[in-house]
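Next come two complexes, and both contain subunit A; in the first it sits with subunit B, in the second with subunit C.
Let's look at the complex of A and B:
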């Protein structure tokens, strides 16, 4: 019915989708699985009319269609229930369901609220929820809002002749188990009215709900099968794909960490994010944290840099018990944070390299408190040499540097502030292969010098290749720990079965 | 159609969802709801307090006086309400009002020139103010300049133009019709100006509650990206909102000219501050999407009652101004707290 044919899409040089073919039949649930960054969300957004493909086409009932906006997708019967919910909390449920569609209830310029609410009630009945359309959306629970989104998507039925296709983009990530079961029951019941495309990180959910499954990896469809004929381990294997290349990650340079413990967590918890996490970080160790979105790993790293203080448990840095409530406290304890969004969170792009390097620790005169500008230049130069930053000079503006070199400036900033524990949040995101290798090289250098690193990486390969030990998290709990010293590295399948 | 009468779906064994089970409104949210009525309770408490300290507050003629003093602020604040609901701000109140008032006083029978256009002068002047509002909106969305800057400029342009037209002098309005707006009290009750303000309240209330524009104002204030993705003509809505605001400032100009019996370029002095204060004190959030014209009515009344009360209690005007300043800060602090509650939940 809806066919995706040879669709490719690139963002700033990164191939997000590469010659993807997917078919969606009438009255079926199509499951879509893949690691973070495999291209699932990009595909969903193309189907929803948010992005348009660079190459390839979409065919609806055999005829080619161009979806230039979400509205056009709607008119072709395609609705989406976004992962991050798309309801306006300050409007009522009824107003949300018909947002942008008030014309059909308007006479002489006046919107007939009663008729609109009656129609909204009809949509809500389709998903069998009994919510008053006059309720403010902010007063509903997440689960109820999800149902409202579903009802909103179903309202498309009355505006289009086309068969309805509803895209569910990780709808379960914010729901409790009981609510997930209710959602699934609704989707099964609604199969007679619509087709569904279902994206989830949880493979058991995919197997439970889908009729057919597509597996994606690195922007390509690497597998396609009936849900009945596959198993979770088989899906794991397909999601992971090829083997790791040891030298790429400089594994020969991976020495054993030192004895000294620099950071330790005991029963660390943040309500609603993760529970009872324990780990020990040695001097010079690279500790990887693996987990899918929603596993609690992002929140855990944020706790270590003082964005989200723990609600219970103990955190020790260099043997001192600490509770970090603001990032500057973490910095005082020698913790540095290399954010994922280096362009907005890591650097002041409009300022020169030298100013960025000394941002966290300015060389000031002890007497007057004034910045010692010549010392600043000197410091910056030494870091440029040490980290091999390619730049026309220390006065160059950071926005003129390449991604890899920008990343090095962020590192230099923390090294200059004498950070001995670095939290690397997706340090190679958006970098090309060469720049990635330089970052790997740098991680080894830092490790040899005795800097400890906590790494959340883009891929499992990277995690396994770079780390001394790995913590795997799922649903806010540590589900496995691996020793990843050279020769004893776990496989990706080892990791992924504890992640999903 | 009632939801419960729907025939059960194919697999009817699934649990039925009821809003208490799934929707569970928790206690903090009803506290939130209570807070939304806080300005109204504050108004009542304030009135009772002032009434207790000086019983003359509740005398018929004093209440008329309060209503009269609220009429111009109400008209202006109604226009500002929609702009603030969008999450924007309009600082051009005093400039637009001055142009409206000056145009009216020059085009009706006056002591400065020979014009005597009567009511058509009023229409012309208010249309001119709508035009300035349109310009505010068009420049804001067209050139993507923050509304704050556009309207700040327009404020000074407005005052400048009004000064230029009048050559810095003052012109007296001799038109009996215009003067009657402020002076006549039909059936011995409110002056016409109050009825005009109430009419504006009614119309804006209908716009807010019953029209697509009203709905879209809330949608944009609640989440502009999402509103645009839903196919809402965001730019057009914004321009219309600034036009409505300009129109109401023009109406405010008419009432001001009628009240003072004259037009001059500084006729709007001090109005911007009291307008924004009234809207915010009424509970409309500066971040947009929360509040409305009824909130603004309450906010304007709080300001009017407070002003009247301080006069009755013999508090000096300097202190009154300070109290207004404290009020706006407290109101913003409270509305911020409210927003935080929504996130903490």
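Let's look at the complex of A and C:
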């Protein structure tokens, strides 16, 4: 139906796509996998009309088409559900679904809201969600917004004669397990109406949802197979071009934590988010917090770094009672934070690597209080060596580093500040397989050196693999605690039954 | 790798533009009016630049961390009134007392800005109104001429050690101190980081609010110093003394190459920017442009400079 033929695209000398051929048939889900930088996003953007190919062409039902803008892609039946959601939070659901398409409901310059909302309700019914189109989008949960986004893409049906193709650009990266399953069920049900192109970092999801799979590496398609005839390890190997490490989470390096308690929560509560949370964190321990969106685990981790002060209960760091109201207080107590939003909260992208490494603790002269610039460069260089950060130099701007190397710079920042408690908020989000493994290796190193870690991970597998102990939360309460020493690790099912 | 190198080279080229522009302007005016290139004229230009530079240097601290200070001309005018009143009564103590008032107004703006989370241009605009009104009330809406007794205290401003007006030395001192603050102290480093990425700087444990209050205090403090210098040179204080100086001061910061959105630039560049503005001003006087019409040129220069230097990739939507 839609064929991508010999498409190439380069940016500033970097070949993002190199002679790519992909076909999308009617009523099927095509999975697209590859490491970061493999070219998936570029291909999606070409299909969505954001970029034009340098060479090659797109053919729709055998006829060549030029998609010069997202609007033209829409008119040819191609819609996209973005990874970063594209809904405007200050508008209602109905207004979002028909944003830019109000003309069909307009008379004498006035929008007939009743008719627009009725139409929006029809779109929402297609994805089987019961949301009033008059609801402000900001009031919806993340998962509900994703459904609205899908409904918005389905609204294209009524504007085009063409068969619908919906591009799902990592729709699951921000969803929790339960919502992912709902999304998948909807996509399967919608297959009779549309074809889907599905991009995800999670290979098990790709296998579960797709009919056919294309594997990309370095801008080329390196594999193409039926989903039923392949396995996760096989996909892995094609993506990275090497075998997946037998010991992915470095479990053999997981030693027992020390006796000493570095952080303790007693009856910790934040009104409206979580209540009466207790935990104890030992020196060198990795403590995982599992839970779905809305379980309170995000707020809990943000309390520990002073973003959201507790409304009641006690937090002790190294035996001292503290109430953290701003991040600088947490940092003063030796707590570090690796944020999920690496590019906005983790790094100052337009500043050099060295400046970012010393942002939490500057080397200053004891006499004048001035920054010791040469010492700073020396420190940055030593962290680059120690963490194997791949960079042209310590003067390189962070925006020119890859995601994995950026994450190492954030880690270096807190190691340089000698943080002895690190809060890792989805530390491997958006990283490719190789970079993930390096982060796992670093977590083990830190743990051995006596740094304690609180981890909220992207997947349960990661939580189980990395942690010494796991706290499970549901609806703002701790519902279970697991010992996760090697050999005694709980299964994903063990955790999930306490999460939902 | 090449991207990094070309980017930094691009930065260097951009930093060099104001210097080339300055030299070009000086040569141009020199050709049209050879008397411009005499040592005496150049010293006058530099002395004129000193006060403008000191005002602009203050704003630079605030612009670096992504804010703006619109209160400086009012603070400078109030300072001139205060110095004129106090000189006769408390002698040399008038200077530190006036500077202190300047710092306090700045600290006030800063604290209101960070505590109540109000945009800096609103806070400093409001402070400007308060301060301007105070100056008018204190001076009873008149300019205050400093008597013979008071003038004795002004010799450090009006003097010419080694034949060079002392305000040039004062300006140079401020420049050196400012460059040191920005390049070698945690305050300077954090300011640049806040301007380039406030969320990340905050989440790195930097005391962001403290840096902001320091920056606004420095800005108003330097405005007070500029007010004192102006008073010294004119031997009188006036509640409207610095009224035409806000626009040229902001223009000097931006023309020098400090990004109006913060994060890049510095006092060193403001030195060049202030010289450019001064040379343009003197040049216009040479050509015979009306003093009030000069604001048209500064307004146009400001918009042009921002249009050329702004990095639009960072700001998708302008409010």
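Here, the second predicted complex is superposed on the first by the 254 of 500 C-alpha atoms of A that agree within 3 Å, B and C clash if a C-alpha of one lies under 4 Å from a C-alpha of the other, contacts with A are read in each partner's own complex, and residues count from 1 in each chain.
One rule holds for everything that comes next: contacts are C-beta pairs under 8 Å (C-beta built on N, C-alpha and C of every residue); 3 or more make two chains touch, one makes a residue touch a chain.
These figures come from a predicted structure and were not determined experimentally.
In the superposition on chain A, A:143 contacts subunit B only, with no contact to subunit C. When the two structures are aligned on the shared chain, A:400 is found in touch with subunit C, with no touch to subunit B. Looking at the shared chain after the overlay, A:339 reaches subunit C, while subunit B stays out of its contact range.
In the overlay built on the shared chain, the residue A:434 is in contact with neither subunit B nor subunit C.
With both structures placed on the common chain, the touch criterion links A:62 to neither subunit B nor subunit C. In the overlay built on the shared chain, the residue A:360 is in contact with subunit C alone; subunit B does not reach it. By the touch criterion stated above, A:487 is placed in contact with neither subunit B nor subunit C. Once both structures are placed on chain A, no subunit A residue is touched by subunit B and, in the other complex, by subunit C. Those residues of subunit C whose C-beta lies close enough to touch subunit A in the complex are 1-5, 7-8, 180, 184-186, 189, 192-193, 196-197, 199-208, 263-264, 314. The touching residues of subunit A, when paired with subunit C in their complex, are 12-13, 305, 326-328, 330-332, 337, 339, 341, 344-351, 355, 359-360, 362, 364, 369-371, 373, 392-393, 395-397, 400, 413, 417. Against subunit B, in their complex, subunit A makes its touches with residues 69-71, 86, 88-91, 95, 99-100, 102-103, 106, 109-111, 113, 118, 121-122, 124-132, 135, 138-141, 143-144, 147, 179, 182, 185-186, 188-190, 192.
Contact residues on subunit B toward subunit A in their complex (touch as defined above): 1-4, 6, 9-11, 14-19, 22-25, 29, 206, 209-212, 215, 218-219, 221-223, 226-227, 229-232, 289-290, 342.
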